[in-house]
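Below are two complexes that have chain A in common, paired first with chain B and then with chain C.
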Partner chain A sequence: MQRRDVIKGMAMAAATAAIGARDAVGQPPARPAPRTADGVAFQKAPCRFCGTGCHVQVGVERGRVVSIQGDAMAEVNRGLLCVKGYHVGLALYGTDRLTQPLLRRGDRHEPISWDEAIDIVARRIHRDPSRFGFYISGQSTVPEGFAASKLVKAGLGTNHLEANARLCMASAVTGFLATYGVDEPAGCYDDLDQCDVLIFWGNNPAEMHPILFSRVIDRRARGEQVVLIDIGTRRTRSTEHCQHYLEMRPHGDLAIALGVAHLLVREGTYHREFVEAHCAFRALQAENPTLQGEAIDFEEYRRRLEPYTPEHVEALSGVPAAQIRMLAELFGNRDLRITSLWCMGANQHTRGTAVNTLIHGLHLLSGHFGRAGDAPTSLTGQPSACGTVREVGTLCHTLPGGRVVTNPAHRADAEQLWNVPEGRIRGEIGYHTVEMFRRFNLPRSEGGDIDTIWVQVTNPGQTMPNQNEYFRRARALEDKFLIVSDVYPTETTRAADLILPSALWVEKNGVYGNSERRTQQWFKMVDPPGEARDDCWQTIAVAHRLLELGHEGMRDRDGRFLFHTEDAQGREVPIWQWSRYYDVNVDERLFEEYRAFTRFKHKDIAPYQEYVRARGLRWPVVEQPDGSWRETRFRFVEGEDPYVEAGKGVQFYHSTTSDDRAQVFFHPYEPPPEVPDAEYPLWLCTGRVLEHWHSGSMTMRIAPLRRAMPQAYCEMHRADAARLGVANGETVIVETRRGQMEIPIWIDGRGRPPEGTVFIPFFDERLLVNALTLHEYDPFSKQPDYKKCAARVRRRGAA
Partner chain B sequence: MNDHRDEHGAERDAEHDRRPIGERISAAPPSPLGDDPRATRWLHVVAIVLITAALIGFFTGTRGEEAPHRREAPPAVVVDGPTRLAPTYAAIRATPLGPDRDRHAAAIEAMRADHPALGAPVPPRDDAAVRVELARRGSLRAYDGAPPRIPHPIPALGALECVVCHRDGLRLGERVAPPMSHRELGSCVQCHVPDEGEMPGERLGGGPPLESAFAGRPSPERGARAWPVAPPQIPHSTLMRERCDSCHGAWAGALRTTHPERGSCTQCHAPSGALDQHPASLLEAGPPVGVP
Partner chain C sequence: MPVTGLVAHLRGDPSGWPETIARLGADARVTVGPREGGRVALVTETTAAAEDAALFAALEATEGVSQLFVVFHDFSDVPEIEGTVPRRLRGRPCSDET
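Right, the complex of A and B next:
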C-alpha cells in the first residue's frame, strides 16, 4: 500500500465516522460500513433508470461518485448492467444542475430563498386546496410517494394526486385487478430462467429491459434452448434474436390473443382441470361496462370466440393464420413452460385493459400459470412505478396498500392508520393525469378548475400526449401556476412559475420497488449540489408551512403535525427544517408507517432494516417462526406464497368473486380510435431507445450515451421513402391532426417499421414528438395511447 | 526466471472526453524471433511445461491404478540407495528432450509460426508507453471498469456478430480485434455502444449541455508487491475481466505480460477481494435472505 492510499483510507474512515455520528443523533447508527477498496467507498443502490431494478455498487471518493459496478450479490442482475446502468453515476454531474429555487418574474427565472419558495407553494395550495394538483412519479421513492399521499389525502382532504405512471402502466394495473382482484405480477424474473418459450407482446426488452433480455439470451450461450417470439409492429433489436416474428397491425394484439383462445377452445387443448378448478369467465356489460364486467359461462365464452378463426385473425391483425396456429400449439402444449412479457405496447393502448386481461386469460386458459417459467408478467418502465405508484397508491383513486378512496371502509382504515379525524379522506375520485392537465390548460370559465400543479420527479412538458392542448396552453392563461421540482432544466421547468432544485438518487436516502415486487433500499452517499434538497423534505416543509398558515388538515387527531417525528428521547425533531432533516432517517420513519398499510392486500413488506441488508425482497415478505423474513417468488402458488392455504395448489385469494377464482375475460376486437386515411396515410408509433431513458433529462447529459445516440429521428420503410421521394437522412415534416415537427428520416435504422408505419423516439427535447400524439385513453385505466395515430410525411417546401 | 514488470492498471487522461475519434484497433507488436537468447529461454519454458505435463500424467496414471488397492495396508517403504526427489526446475530445463524430440521441435516451430507474438521478445516496462496505452484505453471508458465503447461503426439494428472477431482476438495483418475480457454474453450491444453513433442526415445543434463534472476513477497504474520481486497484485477489479489475456495477452502493446505462455494468472497475481465484491467485503456478510 502506498502512502497515498493510507491517507485516502484515513479520509474515508473519517468520512464514514462522520456519517455514523450524524445518524446517531436520532437513532442508533443503522448504517453498515461501506466496502472500501483503494480509497473508494462502495455501497449498494438500485439503478436510477428503468423498472428492471438492477442493483449497482456506487463508488464514492472524496464526496463524489467516481465508479459504478454491477452488484454481484443482486439476484436481478448478478453483477451485470446495461450501458445506462454503467453510466448512471454520470447522471449527477451535468454542468447545468438546478441549484437554487427560481421564481418566474416576467420572462426570467430569478433566484429566491428556500423559505420564500416554500411559502409561495404553501400559499398557492392554501387559498383553495381543491384546485391544487400534485403530480409525482414512478421515479419518486416510496417514502416520497407516501408523504405526498399523506399530504394530499390525509392533509388537504382532496384526491388530486397523480403520478406519471398513469402514462406507463395504468392498463397493467386494471388488467391485474380485473383478472386476479389484486395488482402486480404473480411471477417474477426467476421465470425467465425456466421458460422454454418467451413471448414479447409489443415489447423490446433488448433495449428497454436489457438485463432481463440478456438473462434469457445468455441461457442460449450456455447451450439451453429457448424459443423467443416477438409480436410487434416493427422489427427491433429484440426481433433479431427471435425465432418467430409476428408482425401485426396496430391493435392486432387483441385479435391474436382472441385467435389463440379460439383455437385452444375449439381444439380442446385448453387446460380443462386448471380452468374448472381455478377460473371463471367474464365479459363487459353491454351497457355501462365496469372493470369487473359480468359473469358469463364457458359456453358463452366459446360462442363469443367463435368468429376469431385464424383466417379472420389474419385479416384483422395481418399476422398469417399459420403463425396463429403455431402460437396456439405452443400454448396447448403442457410440457412447455411459457412466459409472456409486455410493457408499453400493451399498456399504452386505448384497449390496454382488454389486451392485458386477454394475455392473462391465455395463460389461465392453457394452464401456463403457477409453475416456474409459466407466467404472464408485465414489466414497468420506471424504477418505482410499482413500489411508489401502485403499492403506495399515488393515484387519484387509491390509498396506500391497495385501498381505494371510494370504499368507506378503506377510508376509515387509512384515517385510523394515519391518525387523522374521521371523514378527512374524501370519497370522490380526483382527476386522473390527462384530466388534471386538461383542466389546468383550460380557463376557469371553461371548467379549468385546476389552477396550481406541483410536478415532482417527472417531465410532463415532454411526455404528456398532445402537448399543444394538454401542456402548452396553460402558459398563456391567467392565474395558472406551475411548480416544478427537478434536477435539470427541462421542457417542464421552462414552463414553470416556480422551480425547486432537487436532490437526485444517491444524493438522498431512498426506497424503490421494481417490476417483480422487489422493494429496494439505499442510503444517501453524496451531498446534492448547491441548495438542491430532497423532494420528500420539500413536501414536508410545505406541509409544515401550511400548518403555520392555519390549515387544520396538517394536524392529526391529537393536534400534532401530520409528519410529527420524534428522536430516541421522545423530543420532536423539526424535520421541516433542512438543517435538521437528516437528524433522523425520515425514510425509515415513513417506511415503517407505510408498512402498516401493506398487509391488507397481502403485499406485506418487512421492516426497513431488512432491506438495508438485502438486495431487495419480493413481497409478500412474511416473518418466519425463527424471526427471519421470507420473500415470495410466485404468488397464489402453494409452497411459495405463504397466503395460499394448504392443499389448494393454486389459490387466487383476492378473487373479485370471493371464490378463489381468477377471471378469464372475453373482450372483442376493436379498431384504434384514429386510423390512417387518405389525408394522414401513415401509422405513427413512438417509443424509447437503449441509450436514453424516457425524456432524456439525465441521459442526454451523459456523454457516452448521447454520443452513441445523439438525437431523435424518424424511422421509415424504404418503400415509403421511395414513394415520397425522401432520401435517407433528409429532414422532413411529420404531422398529425394535432401538431407537426421537422425531423430527419432514418431508413434501416435502429428499428425497421413495415411499409405504412413511421417511428419516432421521444427522448429528445429538441424534437418533441408528443406534440403529435393522441390523447385518447383506455376507458378503465385512463392511460393514453402513444403507440398509434395517423400521420403524414412531406418534404420541406412541399405543400 | 521471468519477472513481473507488466502488470499495469491505467492512468487515464482526464481530458478524455475531448478525444479524437478514429480507428483505434491496436497494432500487434513486431515479432521477429531471430537468434534472440530469449527465444532459447522460451524453448526451455516450453520444455518445462511439456515435461511437467508428462510427470503429472505419469503420477496421475499410477495413482489411478492404485485406487482399487487403497484398503490394503500400505507396504513399508523400502529405499535402495539415495531417495529419489522431484527434479528441480533447473534440472528439468537441463534435461534433454526424449526420443520424440524432433517432433517436439517441429511442433514448437509450427506453433511459433502460427502465433509469432508468443515467442516475441518483451521489452522492459516503458512507463511512458504504458501511460499512452492507458490514456488510449481511458478514452473509450468513463472510468476504470466501465464497458469500453466501440471505436467503429456497427449495424444500427444491433450487432449479433461481435464475437466473430472478438471471441479470440481475430488478427488481420497488423490489426487485432481485442478479445473480449469476459465470458461470452449474448447481447453485446446492451453494454457496448459505439463511441460515435452513426445516423444519416444533419446533426441537430443545441440541447442539454454535454459537458460533465464527472471525474471517473482512473485505472491504477501498477499493482502492489509484497517485496521487490514478488508478483504484483491485480490492482483493478476482475469482474467482467476474468480473461487477463484480453488486455495483457501476447497481442497487446505496452500492457503485455512478459510471460504470455502462462495461462493461470491468478495463481500468482491475487485479485482484490474488496474490488471484486468478495462477500466478506460487502455491506452485510452472508447470502441474500429470503428465498428458500
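Right, the complex of A and C next:
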C-alpha cells in the first residue's frame, strides 16, 4: 500500500469516526484516534485558537507536525474542526519565526544572547519593580500564568500583572461575581444539546465558535426543533440560521433585558417559587456604587422596572415591541429550556457588567436555570482566558483560585501556599490593562510611572484601543522599555526594545482551560525553531537572575529560590538553565502547586496525571471513594455539583449574601459614551472573522486562511454607500476623533450592518482599526468597548 | 498533495440527501464515505493547498450542504508553506494623526 493510500485511509477513518461520534450526544466517543500510522505519531492537544477548546490529534513525523486530525475522543468537538483548527499545525511554520533574542539599537533590532537578554529584563525590573508591568494573555498556559503571578505577586510584591483577557471577558467575570459570588459559567456545552431556545446576545458563533454552533445546527438536521434568536447590531452568518433577528441599536441589549424582565414581572410569568427560594434583588448604590450594589426588595425591583414597557424599550433599542413580548413569552414558558450565549458583544461594552448581570437576572427570574439546556453562558474568545486568567488569577486585583489581593485573609492564604514571608503580597490593586498602558504612554512627570512592560503571548500594538494614545506614544518617550516575547514579528515587536523568541503550542508542554471550565493538558511534541524558548522558562530565568542581583523577593520563607524545584532524589534542578528545563516536567510541578489554591472557591482540579489521560475535565473535579475523579457538568445543582447539599435542589453556595441566593440586579439603561452626531454620523463596530485568529499574527501566515480572507474591509450598508457615492471595493477614509485609516468598502458582504453602521475586523496588521476605537471602559470590569463609537466615512480626496 | 477528511452536514428533507451526496461525489477529487443520519464522511485529494481550499469552498457551497467540517488534514508533503504577512495592500495603513 502506498503512503498516500494510508493517509487517505486515515482521513476516511477520522471522518467516519466523527459522523458516528455525533450520534453519541453526551457520551464520550468510544473510538480512539490512531496512535501511530505510517511513521506518523499522534498525540492529543487542544486547538491553539479560540476558547471552544476543541481537541486535535497532532501527527508528528521526523520532528515536524505534519498532520492534524479532529479528536473523536473529545467531547467538545467529537472529531470535528473548523477552518482554523484544521490549519492549526501550519501556525508553527511561518518562514519568519522569531528565532533569537533581539535588542533595539537605534532603528534596528540586533541579535543578542539569551544570557544578555535575561539580564536586561531582570535589571529593568530590579531598578524599581513598582514601575514594571507584566502583560500576559488568555493564550498563556496555566503554568505560564501561575509562574507570572508568582513572580509578580509573591516575588516582586507588586500587583501590576494583567492579561489581555481584560479586553475580552472581564465583564463576564464581574457579571458572574456580582450574581453568584464566584466566576465562570454554571452550565456547559451540554446545554447546547438540550435547549429548545438558544439566544445569541451580540454573539456570532457561526464564525467565532463554529464547532459549538454546529451542535445546534446538527440537531436541526436530525429533525429536532430548536429556536435560534439573534440579538445583534448587524446581520452575520449566525443570523442566517436564526428564526428571529432582533436588530438593536448599540446598548439596546440593556433595554431589551430590562423590557423582558418588566414583562415577566408585570404579567406574573416569572418563576415565583424559584425566585423566592433562590434569589435576592440588588441595585447599584446612588453614590459610590460597588460591584455588589445594595439590597432592594422585590417591590422596589418591580418599581424600577416599570418604565421599561415594550414600547419604551422599542424607543431605546430600536427593536419592535412585539419582539420584546415574544422574548418575554419564551422566558415565561417553563416547558421550554433556554440557553443564552454571549461573548464580545456583551463584554466589550461600557456597561458590560450591567448587561451581563441583566442576562443572568432574566434566567434567574424566569427559573431558566439549573436544568440541562437552561443556562446563561458566556463564551470566551481565547483558549485559556478561563484557565489562565480567571482561574489562576492573572489580573491586577486577583490571586490564584478566586482570591483577591484586597482581602487580608486571601493574601495570608496565598503567602502560606506559596511559602513566602507574611506581608509579601501587597493589598493595593495594581494597574488594569488600559491604565497600565496609559501610564506607560505618559512621561513620568505627567504620571507615567510605568516605565517597563513585558508582553508575553499577545499583541497590544494591534489590539489596544485608541492605539495612538495608548500604545504608540511611548516610542517617543525617554526611558520607556518594551519587552516582547512572541513567535512572529508583530506590531508589538516592531515597537519593542527587546524581543524574546518564544516556543509555540506543541513546541512546549501546556495546560489550557476552556469556556466550559474544562482543563486540558498536552505535551511538547516538537522542538521550537532556533533559539526560541518557552515563555514559562523565560519567566523563571528572569526570576533567578533577579535572585542573583540580590532581589530578596525571589526567595521563599526558607531562603530558597521562589521556583525551587527538586528531582526525585531531592536534588535541586536548575530549571532556570534552558539545558535543564526539561529535566523535570515544570508544568506538572507548577500545576500541582496551583492545585492547592483551587479548593477555596470550589474550583477543584484533579492531579496533573488525570489530565494526561483525559480530553479535559470540567471543574470542580472531585475524587470519588473508588479513587476516580469526577468532573462537574452543571454547578449549583444537586446531583451534579458535589458541593450542593442534599435536599437543596439548587444552591448558590458562594452567594454574596451568604444565604445561598443568587442576586438579580437592576441596572438602568444608559446610552453609550460616544454616539453619532453631525460631525461623525456613523456607528463603528469592530470584531473578528472566521478565518483569522484575533490579530492575525498566526493565521495571516497560513496561506489558505490568508487567501480566504486576505485583508480587512469596511462593511457598509448599500444606502450609506450610495449617499457617499462610493462603490463596492472602493478605498475610503474612515475617521473617528482618535484616528483615521484607508480601507476598501464591502457592500452586502459577509456581515450586513444596518444603515448608519460600519463594521471593520481587527485581524489585519496593515489596517489598524484600533487606532480609531474608543478607550472608554466599564466602571467595574475595566473592559474597553470596541463595539461602538462615532465615525465618519469619506471618499479619498473629499474634504 | 493535501489529503483532507471532511464531514458534510446535510440540510433539509432526508429524501433529498442522496441527491446531495451524488453532487458531492461528482468531483473526481472527492471520495464519499459512509453516511450517518444527516452527516456524510468525505475525503478530498488535491495537488496544492490553494486547490484544497478552493475545493473546500466549493463543497461547502454545494446545494443541500448545511455545514462542512474538517476532521483530518495531512500537509506533510505540501511544499508551499508561506510564512510572512504580505505588505501589498489596496488601502494604506492608518495614520498616526490623532
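In this section, the second predicted complex is superposed on the first by the 765 of 799 C-alpha atoms of A that agree within 3 Å, B and C clash if a C-alpha of one lies under 4 Å from a C-alpha of the other, contacts with A are read in each partner's own complex, and residues count from 1 in each chain.
Keep in mind that, in the parts below, a contact is a pair of C-beta atoms (placed from the backbone, for glycine too) under 8 Å apart; a residue touches a chain by one contact, two chains touch by 3 or more.
Source: prediction; values computed, not measured.
Once the two structures are overlaid, the count of chain A residues touched is higher for B than for its counterpart among chain B and chain C. Touch criterion met: A:Arg750 reaches chain B, while chain C stays clear of it. Legend: residue contacts after superposition of the two complexes on their common chain; A:Trp629 is shown touching chain B, with no touch to chain C. Looking at the shared chain after the overlay, A:Arg738 reaches chain C, while chain B stays out of its contact range.
In the superposition on chain A, A:Phe49 contacts neither chain B nor chain C.
With both structures placed on the common chain, the touch criterion links A:Trp201 to neither chain B nor chain C. By the touch criterion defined above, A:Cys82 reaches both chain B and chain C. Using the contact criterion defined above for the overlaid structures, shared-chain residue A:Glu469 touches chain C, although it does not reach chain B.
Of the two partner chains, chain C is the only one touched by A:Ala771; chain B is not.
Put simply, chain A uses residues 40, 59, 61, 66-70, 72, 79-83, 86-87, 89-90, 93-96, 210-211, 214, 217-218, 221, 696-697, 700-701, 703-704, 706-708, 710-711, 731, 744, 765-767 to touch chain B in one complex and chain C in the other.
The part of chain C that touches chain A in the complex is made up of residues 1, 3-7, 9-11, 31, 33-43, 45, 49-50, 52-53, 56-57, 66-67, 69-76, 80-87, 89-98. Partner chain C is touched in their complex by these residues of chain A: 4, 7-8, 10-20, 22-23, 40, 59, 61, 66-70, 72, 79-83, 85-87, 89-90, 93-97, 210-211, 214, 217-218, 221-222, 467-469, 472, 696-697, 700-701, 703-704, 706-708, 710-711, 731, 738-744, 765-769, 771-772. The residues of chain B lying in touch with chain A in their complex are 17, 142-147, 149, 156-158, 160, 184-187, 189-197, 199-204, 206-217, 220, 224, 235, 237, 239-240, 272, 274-277, 279, 281-284, 288-292.
In the complex of the two chains, the chain A residues touching chain B come out as 1-2, 32-38, 40, 42-44, 57, 59, 61, 64-73, 75, 79-83, 86-87, 89-90, 92-96, 206, 210-211, 213-214, 217-218, 220-221, 235-237, 240-241, 488-489, 610, 612-615, 617-618, 621, 628-631, 633, 690-691, 696-697, 700-711, 713, 728-731, 744-752, 764-767.
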